[in-house]
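Look for chain A in each of the two complexes below; its partner is chain B in the first and chain C in the second.
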Partner chain A sequence: MKKANRVLTILMFVFLYIPMAVLIVASFNTGKDITRFEGFTLQQYAELFRDQDLLRLLGNSVLIALLSTGISVAFGTLAAVGIHSLKPKMRKVVMSLTNIPMTNPDIVTGVSLSLLFVFVGTGLLNQRESLNFGTLLLAHVTFGLPYVILNVMPKLQQMNPALTDAAMDLGCTPVKAFFKVIIHEVMPGVVSGGIMAFTMSLDDFVISYFVTGSDFVTLPVEIYTYTKKPIHPKVYAMFTLLFGLIFVLMLTMNLLQLRGDRKKVNKRPASRGWKIARRCIAGVAAVCLVVGCCFLFMSGRQERITLNVYNWGMNMADGTDGTMDLVAEFEKRYPHIDVRMSEYESNEVLYTKLSSGGITVDVIIPSDYMIDRMIAEDMLLELDFQNIPNFSYVDEQFKNPDYDPENKYSVPYTWGTVGILYNTKYVDEADVTGWELMWNEKYAGKILMIDNSRDAFGIAQYLLGYDVNTTDKAQLQACADKLAQQRPLVQQYVMDQIYATMENEEAYIAAYYAGDCMLMMEENEDLAFYLPEHQGFNLFTDAMCIPKCAKEKEAAELFINFMCDPEISGANMDYICYASPISAAKEHMEDYLAESEIVYPEEAVLEKGSAYAYLSEEISRYVEGLYQGATKINNVSTDDEPSGSPVALIVVAALLAAGGGAWVLFGRKKRKS
Partner chain B sequence: MSKELIRLRDLTMEFDGERILDGINLYINDHEFLTLLGPSGCGKTTTLRIIGGFLTPTAGTVIFDGECINEVPPYKRQINTVFQRYALFPHLNVFDNIAFGLRVAKKPKEEIEQRVNHMLEVVSLKGYGHRNVSSLSGGQQQRVAIARALVNEPKVLLLDEPLGALDLRLRKDMQNELKRIQQATGITFVYVTHDQEEALSMSDTVVVMDKGRIQQIGKPEDIYNEPKNAFVADFIGESNILDGIMLADYKVKFFGRTFTCVDAGFEPNEPVDVVIRPEDIDIVDPKEGHLVGTVTGITFKGLNYDIIVEFKGFKWLIQTTDFHPVGAEIGIRLNPEDIHIMQKSEYSGMFGDYSSYSAEYDELTEDAGDGEE
Partner chain C sequence: MGKNKSVLLSVPYILWMVAFTLIPLCVVGYYALTDPDTGAFTLDNIRDLGMYLPVLGQSVMYSLISAALCLLLGYPVAYYIAHRTPVMQKILYMLVMLPMCMSFLLRTLAWVGLLQDTGIINNFLEWIGIGRIQLIRTPGAVVLGMVYNYLPYMILPLYATLVKIDNRLIEAAEDLGCNSLQTFGKVVLPLSVPGIFSGITMVFVPAVSTFYISQKLGGTDTVLIGDLIERLFKQGDNPNLGAVLSLVLMALVLICTGIMNRLGGDEEGGVIL
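Presenting the complex of A and B:
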């Protein structure tokens, strides 16, 4: 029996710690493949410490965690004192109110906070950018606060209430009594609450994702964007270090506590060593906080310009795989400008983010039909082409396009086609006859469908022989029916997740953008690309624009100009594998790309392609509705997002309680004997 | 006696509509040892907390040295308190606990050291300064609490049932200790207890309280010998309380018999309460007794026997050093000075009948008193 117990315990620990073990082993692996350990290396750690961006993100996370913990601890302790002084009935009510944010699903808290911040920031204060460092911090305080209150309350209840009276009796004002006596009594609760708040803040993703602005991003939010591509092993190294840090922290805490307990049992006076250790810890914590604040101060104070570029995922060369790091190159050429990249998944997401307000971006790279729409809705700024001399390199055929007839708002970035990527190992060549391949029941469960309404309807329209820009509702309904018919066959509706799934051969057929298909074909030789010329296909252009919310228009134009430099454009295409609208860039591209028929199809093929145009607001909504209905198992309406009021209420309640605590301390005290 | 230090005028205290104090009027002299005595919930602790400044009275005033201090917070009063369960600061050692008040007052370091060490001597805890307070026994913690309050040299020391948590032996020692400290320092003590013996043996003045009202104020001897009503008579020591009629001055009639007493000033034929202390009763041969009764119960108490004697259906408690077996017939004699006459009050008929007497009765009431407030 005893033996069985021991085995069970060991199994439990194995179960708990095996993921960490895999991560740690992976961080020391020489090979890139996590399934094979090839040799021991510290190279990933070296690379981690060379990666300024990653370290900055880590710094951001730690900074926000430290600050939010500090604020939560201060207000939480005050709030606990306030709640404690309430009558028992009220105390219960307030306690359950403060506990709600902990049990509330993060996603609800996140969305409602985001709504609240945008409402207050954009609606009431007329801020350009309502989501920023402050809102992120506030959000983290919101969920850190309850943990502190929850941990401090029991300590207050255990405390002999006469201690406060005794301190006041001996000459302490209520505030002094708090700092000289009560704080010592509740300290264990404050510390454990603080640690909980700290760890919650450090690893929070869901809430942060909704309240993060473009100026300050935490590590988990950034790491999320990595999941679309295999994570670089240096990230494993960082996680290993983080895990080690937390592990050591918890171990020390427990050891100190154990020593503290033993001290009490032995009834010996506090040893000198213990006192010194305590002081050291306090000192280190204080230094961390000060350094963090300085860091914050410095980053806030810099006179450099920050240029926010909002781009598709993996749509700009970043220095990996031997390509040029365009951001670094740009920052080298213009040292006063810092570029911050953030990513969106689809034109529709970009549109929603921009129209809901609450973000600041300077450069966006939407597709043709979306530019059409944004121009129509007056969301873009006119460009000053004086600042973009390299526009002259752009091929004539890409100037004055249908979506921007006078070429006032956009400069083309890339162009390409949408076709079918399939795995030759599993797909019979005889089946590759057109878009109907996407509906072939032979491959049920192995088909990936592109996850945005416009491209999905486009594919259905080409298959059914309709005009891609039709506004005929009967035709659109037919397309939706076609897509609904496809649903049981589809493994997943994907955008960037397509990479892993196709490369790992978890799916065999997918409709996607030619450039991305090229990238995947490099990783897996069995993949092939097919363009259904006879049925038609989408020919798209992505172009750089400056949205109305931009703060740094001139820097944005510098950036656009930089991207039109043939050398830069060529280097960029090497990474993203799309076609450049600048012919001169071909000279700077790798030959296989410049000559690839997938990237640059023949003229005759191109003529079969067609571009999407902007349909009216009404049709766009109609199509989106049909698309959601046809493809989504759980039909989530975007209109009934939870309101911001519950969280607002809780924040208000917590602040009131904190105020109450302050009143108890600073005001006159009345309590029943 | 010396000059008046504290005066409570018409103090009333209400919590949630419940009246805890009902018109308390009391003055406390400088250097006095005054005890608030009463059962649980009588308002004695509330009175003490109002003096300490931890509660603000609903109505009435607290006057300290001639000034109203109703609105003065506790940390500005020249008053210190010894709390019911000591309320020592667990994170500080003995020395730091005692030094707490002096440090808050920002006294120079040498002075603090000297005064704390002196105080440690006064409470016989020399050499315990570095000890953790949780490692001390109850009595030692008690003395730290007293030292912590006294080191500030307050004008008044408030003690809220300070000996309640100690065992009997230690309690007796500490009673003497407290009295000694009070006399040595000359500080006014306001002492709260439910233990009448403690109150009588230590105090200069005893204030008996019940139901938020003062029942009697007086020297311990007066309180014992001349209780004002049945409540006081019963609460302070044991009493046989009987209904009687005051025929004239010095003449009282009960049990169908007229006795001579030392009380006067009542209306003719006024109904009164007659108090006879059990230790004042002389047992004589049945033939010589004013009254004759039968022993129905006997309890050995060490110093004496408590015997229950039935007189015409009414049971008395009599304390005697001689053994009288159950069933024995005895006679009693009452001298005029053994009979104390009280006016009828709301308490008449509630106390002084030993029909349901049992030996454990005393202890039961004491236990209940421990849980006070």
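Presenting the complex of A and C:
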């Protein structure tokens, strides 16, 4: 029995630590792929320390954790004293209030806070940026407070109430008594509560993910974005360093505590908690100080303009693989502007983020139909073309496009096609006959479908021979059915995750944007691109716009102008492999790209393509609903919509009632104890 | 006098908690009952919920299985740790805590590298001649991800109750003729019930609401309610339906914690940590 337990314990630790070992090993890997160790290097660590952004994000996380812990500890300790002197009945009520953030799933807390902030900020106060540093801090304090309260309360209950009276009898004012006696007594609780609040805040992803705006992002939230695209090994290097740091920190704290325990045996027991506490505080404070200094050091340049650019993932040259680092180049030309890039996955994500009104961004790069929608919904600012003289380089055919007929709101950035990327090693050329390849059962489990409603519906529409801009609900429903039929064959619905999956041959077939496909073909020679000309395909334009929420319009226009410089546009295309709407840029592009049939298809081919148009808000939402139904839950049927309704109502009512009942029981149970 | 004044200290806190926990839930309720386009009162969002019920059932099932597996795996480990020397206990406790302090996103991503068709485990199986098997994008992978991420949440409260059990009780049982199995069944297990139930709650709640684990390790059939909520808020542009799902999730969790608290005595899971 004992032996079995030991074996099981060892196995459990192996289980817990293997994934971390994988990450640590990956941080010393010369290759990018986590599954293949190609050689030992410390390169990733050097890269890590060169990466200002990553260090800034880490600094952000530490800053928010320090601030929120500080506030929670001070506020929480005072509150605990207050709660302690409440009448028992009232105290129970307050304690169950305290329990709400503890028992609620993080996602519900995050959702509810973000709805509150947006509701109050945008709806009532008419703020431009309702999700910001302040709201993030509020959220972190809110979930940190209960940890402090729940740790301090027991200490207060253990405390002898005569102590405060004695102090006051000896001439202390109540305030003095509080600092001399109460604080001293509850200190261990304050410290352990504080440590918990700190680690929770530092690690928090889910709640932050919902309440983060654009101006202040913490590390875990950004890591989530990283995990959606090919992840750079320097992230593993950071993981390894943090692992080392936390390990050492925990070990020292434990050792100190052990030493404290040993000394305790011979010394006065009264000061035990206090001593440990003091040591812990000293340790935590020292670490905080060091990290805080780093942070201050890094964020020393606050007076410059920050330009927030919100772009697709991997959609701007960043200096890797010998390309030009456009952000660095822009900052060199305009030293007073700091560019901060953040990324979205699809037009729909961008739209949701902007329309929920939480954020400020200065430049966005949506696609045609989305620009149309944003213009219709009055979400864009008119551009001042005096500030964008390079607009003259843009080819005539891209001026005054259908989505922006008077060309007031947008400057084209790239254009391209949506086609099929497949691996010639596994896919039989005879099967490559059209969009039906995406439905071929032979490749079940190896197909990646594009994860946004418009492109997914577009593919189904081309396959079924419908107009891509149809508003006929029967046709849309047929498309949804087609997509639902495809679901069992699909490995994953992906956007930027497509890179890793196609390159390492985890999947064989995917529908995606031509430029990205080119990039993947460079990494894996077996990949090929196919455009189903006979059925039709999407021809899209992505264009730069300034949303209504922008703060730095002039800097944004400078940026747009900069991107239209043929030399810059050409350098950019070298990285992203899309076609530039500026013909002059071709001269600055690598020849193989400028001559590529995939990047620049022939006129005759282009004529078969079609652009998406914006339909209407109602249809957009209808399509989105169908898409969720078809791809997330297998909902093929068309006629059971009304029949499902009473059942749902009853189930919800029952659930809510049961939840309420549980709440009451939960409360009553507490009162008894 | 002092006592009355210090009562006032709790007032800002109460206001804070009402403002940032109760009122947000009311806002969620408001969104749940309004139309996304017009903002008018409607029950449509709740009606639409019908088609999402299977997802809800699936989430509950996976998280219950995970909680059960965590208990099965965690109990012997917690028991083992609780019976080491104090120094060993501290070290082992720390080793259980440590993974919880590291980014769970990256740790879950490491599992993708391990489990995928071209991943480390499959490469190894191929190399020794067994051949590749489908590991990732199965319900099993999702459950594995949950167990991996939340196992410490089970071990820690279990350890906390097990370590508190007076050794003399066990000795007494043995003196009175119990064999080790009987001692366990009659003394240790009943005394550790609070730890068991708080452990189950602490695993179930995050597991039932996760979205990252199923996104990374699951396939197209293992969508969980957390996924749907995330999608509806972040890209589906339908916060109203998302609000309904959030409320349902919350009710589910309340039921679970309510039951667990009733069965397990009034032990505050969070405090044990």
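As a convention for this text, the second predicted complex is superposed on the first by the 554 of 673 C-alpha atoms of A that agree within 3 Å, B and C clash if a C-alpha of one lies under 4 Å from a C-alpha of the other, contacts with A are read in each partner's own complex, and residues count from 1 in each chain.
Heads up, the rule we're going with is that a residue touches a chain if its C-beta (ideal position, glycine included) is under 8 Å from a C-beta of that chain, and two chains touch if they have at least 3 such contacts.
Since this is a predicted model, take the numbers as computed values, not measurements.
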- Mind working out whether A:101 is in touch with chain B, chain C, both or neither, as first, second, both or neither? second
- Message: Contacts for A:169 in the overlay, against chain B (first) and chain C (second): which applies, first, second, both or neither?
- Response: first
- Message: Output check: A:75 vs chain B and chain C. Expected answer is one of first, second, both, neither. What do you get?
- Response: second
- Query: Which holds for A:509: it touches chain B only (first), chain C only (second), both, or neither?
  - Reply: neither
- Query: More chain A residues touched by chain B or by chain C?
  - Reply: C
- Which partner does A:355 contact after superposing on A: first (chain B), second (chain C), both, neither? second
- Query: Looking at the overlay, what does A:5 touch: chain B (first), chain C (second), both, or neither?
  - Reply: second
- Message: Quick check on the superposed pair: does A:181 touch chain B, chain C, both, or neither? Answer first, second, both or neither.
- Response: first
- Task: Could you give the residue numbers on chain A that contact chain B in one complex and chain C in the other?
- Result: 168, 669-670, 672-673
- Message: Under the stated contact criterion, what part of chain A meets chain B in this complex?
- Response: 160, 162-163, 165-173, 176, 180-181, 184-185, 264, 267-269, 668-673
- chain B contacts chain A in the complex at 15, 45-46, 49, 52-56, 73-75, 79-81, 83-85, 87-91, 93, 100-101, 104-105, 130-132, 134-135, 148-149, 152, 373
